[in-house]
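These notes concern the structure reproduced below.
Labels run A, B, C and D following the written order; every chain starts at residue 1.
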Amino acid sequence: MIKVGIIGSTGYAGAELVRILTMHKEAEIVWYGSRSYIDRNYASVYQNMFKIVDAVCMDDNMEELAGQVDVIFTATPQGLCASLVSEEILSRVKIIDLSADFRIKDVSVYEKWYGITHKSPQFIGEAVYGLCEVNREDVKKARLVANPGCYTTCSILTAYPLAKEGLIDMGTLIIDAKSGTSGAGRGAKLPNLFCEVNENMKAYGIASHRHTPEIEEQLGYAAKEKVLVNFTPHLVPMNRGILATEYAKLTREVTYEEVKAVYDQYYGNEKFVRILERDVFPETKWVEGSNYMDVNFKIDGRTGRIIMVGAIDNLVKGAAGQAVQNMNLMFGLDEAEGLDLVPMFP
Amino acid sequence: MIKVGIIGSTGYAGAELVRILTMHKEAEIVWYGSRSYIDRNYASVYQNMFKIVDAVCMDDNMEELAGQVDVIFTATPQGLCASLVSEEILSRVKIIDLSADFRIKDVSVYEKWYGITHKSPQFIGEAVYGLCEVNREDVKKARLVANPGCYTTCSILTAYPLAKEGLIDMGTLIIDAKSGTSGAGRGAKLPNLFCEVNENMKAYGIASHRHTPEIEEQLGYAAKEKVLVNFTPHLVPMNRGILATEYAKLTREVTYEEVKAVYDQYYGNEKFVRILERDVFPETKWVEGSNYMDVNFKIDGRTGRIIMVGAIDNLVKGAAGQAVQNMNLMFGLDEAEGLDLVPMFP
Amino acid sequence: MIKVGIIGSTGYAGAELVRILTMHKEAEIVWYGSRSYIDRNYASVYQNMFKIVDAVCMDDNMEELAGQVDVIFTATPQGLCASLVSEEILSRVKIIDLSADFRIKDVSVYEKWYGITHKSPQFIGEAVYGLCEVNREDVKKARLVANPGCYTTCSILTAYPLAKEGLIDMGTLIIDAKSGTSGAGRGAKLPNLFCEVNENMKAYGIASHRHTPEIEEQLGYAAKEKVLVNFTPHLVPMNRGILATEYAKLTREVTYEEVKAVYDQYYGNEKFVRILERDVFPETKWVEGSNYMDVNFKIDGRTGRIIMVGAIDNLVKGAAGQAVQNMNLMFGLDEAEGLDLVPMFP
Amino acid sequence: MIKVGIIGSTGYAGAELVRILTMHKEAEIVWYGSRSYIDRNYASVYQNMFKIVDAVCMDDNMEELAGQVDVIFTATPQGLCASLVSEEILSRVKIIDLSADFRIKDVSVYEKWYGITHKSPQFIGEAVYGLCEVNREDVKKARLVANPGCYTTCSILTAYPLAKEGLIDMGTLIIDAKSGTSGAGRGAKLPNLFCEVNENMKAYGIASHRHTPEIEEQLGYAAKEKVLVNFTPHLVPMNRGILATEYAKLTREVTYEEVKAVYDQYYGNEKFVRILERDVFPETKWVEGSNYMDVNFKIDGRTGRIIMVGAIDNLVKGAAGQAVQNMNLMFGLDEAEGLDLVPMFP
């Protein structure tokens, strides 16, 4: 039984880790970290866990935690994981960081977009970007995994095969993404009040959202060139779900079958990526509560562009589910253990 | 492996049966019945099931079905199950009927409230009302289980211990219930359109809803007297969830502890009924996607009444989950098999 | 042109006052009070008002305000109006208080339910309870109007004619009310976050909500007896709207026509109360954005009870609209001026 | 008083016409056409209109109607208006067609995208495209106005000034639009059920939506070149609102101030187009219920693109409000009469 500690277990992503790991047959949570709710019963913070989780919230002490668990998940704001991690800790436990601290290889890019100084740049090199479908073999050997962001998971995987195979002109890629409100976290902020979000839709972080450089770096590796994209996130009045609609010029004339074959080549054997049937396009509800990513595309001969659409549950494949998928890989378990979650509809 | 056939697998309750049974370790669906979608791929009707369910929808032939399966779930409109069932069929398979056909013992009451003639009154007597927490032992021996309605499950269980122990004056019981919209089914009707339901709330079926006699009969058995209640359902702009708020005069002065002890006596060992802590009241989101029923109460000394509140997911404990719980009992399995569903929040 | 000052213009009720008064032909807002946003452009707090309201938020100085306006609306938390008002101020301006400070005649009841000491009990006597349909003539002469609460407006008006005419047994009255989330205000609190409210429903303030004594006092005047009720509010995932479902024993056998005649007697000439046609029951969306209250009833012969249902927009007839209706009465204007708002559907 | 007839008054756009015209001081509806509800009381179809509209639904007889009214609004499916209109009718009444029949000048484009044969191509030439901010003078003189589509109004106005001034490369324009569900109409179709839309988001009509050629034609006039765009609509779980996010390459380096000046040049004096302040981006809720269009932009120096965002209420500026704005122009009234609707928030 793998012993798990969670730092930040009372945010929405942390709570989703708890939900998933509770159903995981080979892992057991032994530390529910939450700076805001120390000593409080976990189930009183998340009443859905009443009679399911019987534990009290603990502090963020990573050193003490390292002595008690096999793996630590950090589901905390940027900067915290980098400020706590050390060689001594990494020599004792594996770490899966759900924050952005170790996602971007160029520390100056990180510091510019996040506006903070990186406290542990020495570990950026070894950290593996935990997009399982892309970096599976590296994840298996990693001590420190940088779990991808929610928007980035969806944005990258939607375009990845075509970027990799050179079918799209990376200079023309535009990503218009829409997210449910759980992505904004559980902080009590006015813009996230029910009455401000319900019956409303808006773009935000235009040309400045922090997931931009992460997408650019990963798609740059795929395309083997420097990539700049327009990434625009939008807030949607729903709890969960991310839909990414992506546009790019095709580099040559292609048929549906050719493009389909490229997606199949990369995802045909992937359990968690479903290439939908022709002309069926992803809807967020079809993946809700599950670790699936649905994807499809449409060639527009009139404009010479391809439109790609991907959908995930931002808290599962976009956060906690992918983190558990990474844990499974790191510990040599069945990659899908604990993740056989059937999407809930309606 | 128990072989399962579902008649009506493409309604919302039928689809929830599919979701739950897909994760059930000892059952396998071999017949996806759906009169509306015969020969169509099931996953094209419920895209969430893409790459999970690989099957084609079948007709409603109960006789043929009886030769292929161990248990039939009928998740169909009233009247259908009663029109199909026969002694010959019941001698070969067990039936769990999610419609109202066999819930009410007095056929004239059924015919009056439902406005149809009962086609198989000869089986009403042996049918067991499948409210597991109340009729567990009978369910275990049943050939034919009448799975309770969604409102009724929540309404009955919320008041049951106090009705049984004579703590409330049954002549004063008022049940004000609120339901998510999935309870209205997947039929394409104007009142269920998004724009008609969203940002709206209404009462309906006032003094005439068909779940009324079912509640009255069952609470009558508990109280050992004829019971008449006011039951008022309301439509709420959410997909899932039922909340029942119930009011009754106390028959004598009681303390919180006394009432709590009565609830504990009936539900203390029940896995799927959670009596919340003092002054914490049920919210539908805390049980969403799960088979739990949450319940609590408040004594109002000023008025001499007790207010009881219960919450369930109408599609799980109120339909498919309870049906599987009944199946587990009928086949001698662990009652919770396939039902270890952790509520999803948010 | 009536000069208006609003203290608390940036809460949801205050903003609704601004919306309504902006369309009012005989009133002009000259003071947008908001302690939280002093010196900030009003339209930057409510962007819907961009290019419509060109003003800066001011402090809460009631004395200074009294010199500049004809009427002050206080849309603030309990206690503030009572702490600011004085004989000197009341001699110069009329005050319409949207808080609870002057709604309850018995100061000890107020202090017990609200848990604060009343700062100006000397004005409670002269304050008129501004339920226009009930106290119209008194409102016309008032210096100080206590604008009713949202739940109370809906709860009282729904039962008022039957209470007044002795058709219902007041000892059996139960009020089960459901409200949209704007009733919770614009404070940044965790329970009001989108993800906590959406897809969720709950009861709250069971047997303890502060609107209870207000309802009891007013219905007591109508029934000419001391009244105790069970009032249970619920939070619904929608922005606006209150639905009250009320239950009571009839004091004698009555026909639909008799009860209808009683409602007609009280509301037949009321512009803002619509008695719906037989068996058509109120829905909150049908009054959204308007000052209407829709009401209807159903006699349940089986239980000897009557079920009454009322619906309002909590921010209009439940707050700002009724406040403007009171202002119109106090200044001798057409009672409906500025309130010809057609409900918006969908 | 202008006498108005509405053909198709019981769809959502028709009902919004009724709502707006009810508050219009110089117009009066005398014909509530509705093929589906002939002889039925209008207020029983839209209960929000109870005690406001006292009229019965009529048939679609345009000839008879022409003898009774000054202007006819057709809020009907494509093809109907074209099949009813004639020179004789146009000589007697003005027509404002909310369908697509007369929006597209090239009849072969219309027939290809809509898949029907145009019944009155002879009137396409004289029909004026009723985008008031662009074609105001022509509208004033028109007998037949083609009221723009909802997506198109928002999509065109958002980019219009930059297209006209040559600041954006039209070959790179991508329009990603999101709409509330009222845009799908009041037809009882499964995909529009509450449970299918709520908590869900999807793209639809990818590379094939019928509003595409309308956008291309109008932006083509502005840019004075043939324009092809990628237009992708999305369905959002809200009743009202369209948000268009548009991307294009800048044709040269520009500053914020330069672009702002271009928007000001076109919209600075427009009552119904609000250019938001720097870095404040449109949200659909800020225009809900009103005829406003909010717009803003962001220059992304990294990619050389500009991102433009526009928001409207699809039923007002995107349909009924704009139709009334056109009527006001055609009859020489104040363009804003009946349209002084303050957006409702929340």
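Note that contacts are C-beta pairs under 8 Å (C-beta built on N, C-alpha and C of every residue); 3 or more make two chains touch, one makes a residue touch a chain.
All of these numbers come straight from a predicted model, not from anything done at the bench.
K.L.:
Since subunit C and subunit D are copies of the same chain sequence, what is the angle of the rotation superposing the Cα atoms of one on the other, rounded to the nearest 5°?
P.N.:
My answer is 180 degrees for the C-alpha fit.
K.L.:
Taking the mean of the CA coordinates per chain, how far is subunit A from subunit B in Å?
P.N.:
Computed from C-alpha means, the inter-chain centre distance equals 37 Å.
K.L.:
When the centre of a chain is set as the mean of its C-alpha atoms, what distance in Å lies between subunit A and subunit D?
P.N.:
38
K.L.:
Using mean C-alpha positions as chain centres, tell me how far subunit B is from subunit D in Å, no decimals.
P.N.:
Result: the chain centres lie 46 Å from each other.
K.L.:
Any chance you could list the residues of subunit A touching two or more other chains?
P.N.:
Residues 12, 182, 195-196, 198-199, 237-240, 283, 285, 288, 346 of subunit A touch two or more partner chains.
K.L.:
Treating touching as the only link between chains, describe the layout with one word: line, ring, star, complete or other.
P.N.:
Drawn as a graph, the chains make a fully connected set, so complete.
K.L.:
What residues of subunit C sit close enough to touch subunit D in their complex?
P.N.:
Listed in rising order, the residues are 12, 15, 19, 22-23, 44, 46-52, 182, 198-199, 239-240, 274, 276-277, 280, 283, 285-290, 294, 340, 342-346.
K.L.:
What residues on subunit C touch subunit B, complex-wise?
P.N.:
Counting only subunit C, the residues touching subunit B are 172, 174, 176, 178, 180, 195-196, 198-204, 206-207, 228-230, 232, 234, 236-241, 243, 245, 247, 281-285, 288, 298-300, 302-303, 305, 307, 309, 346.
K.L.:
How about subunit D: which of its residues touch subunit B in the complex?
P.N.:
Touch residues, subunit D against subunit B: 12, 181-182, 186, 188-190, 192-199, 237-239.
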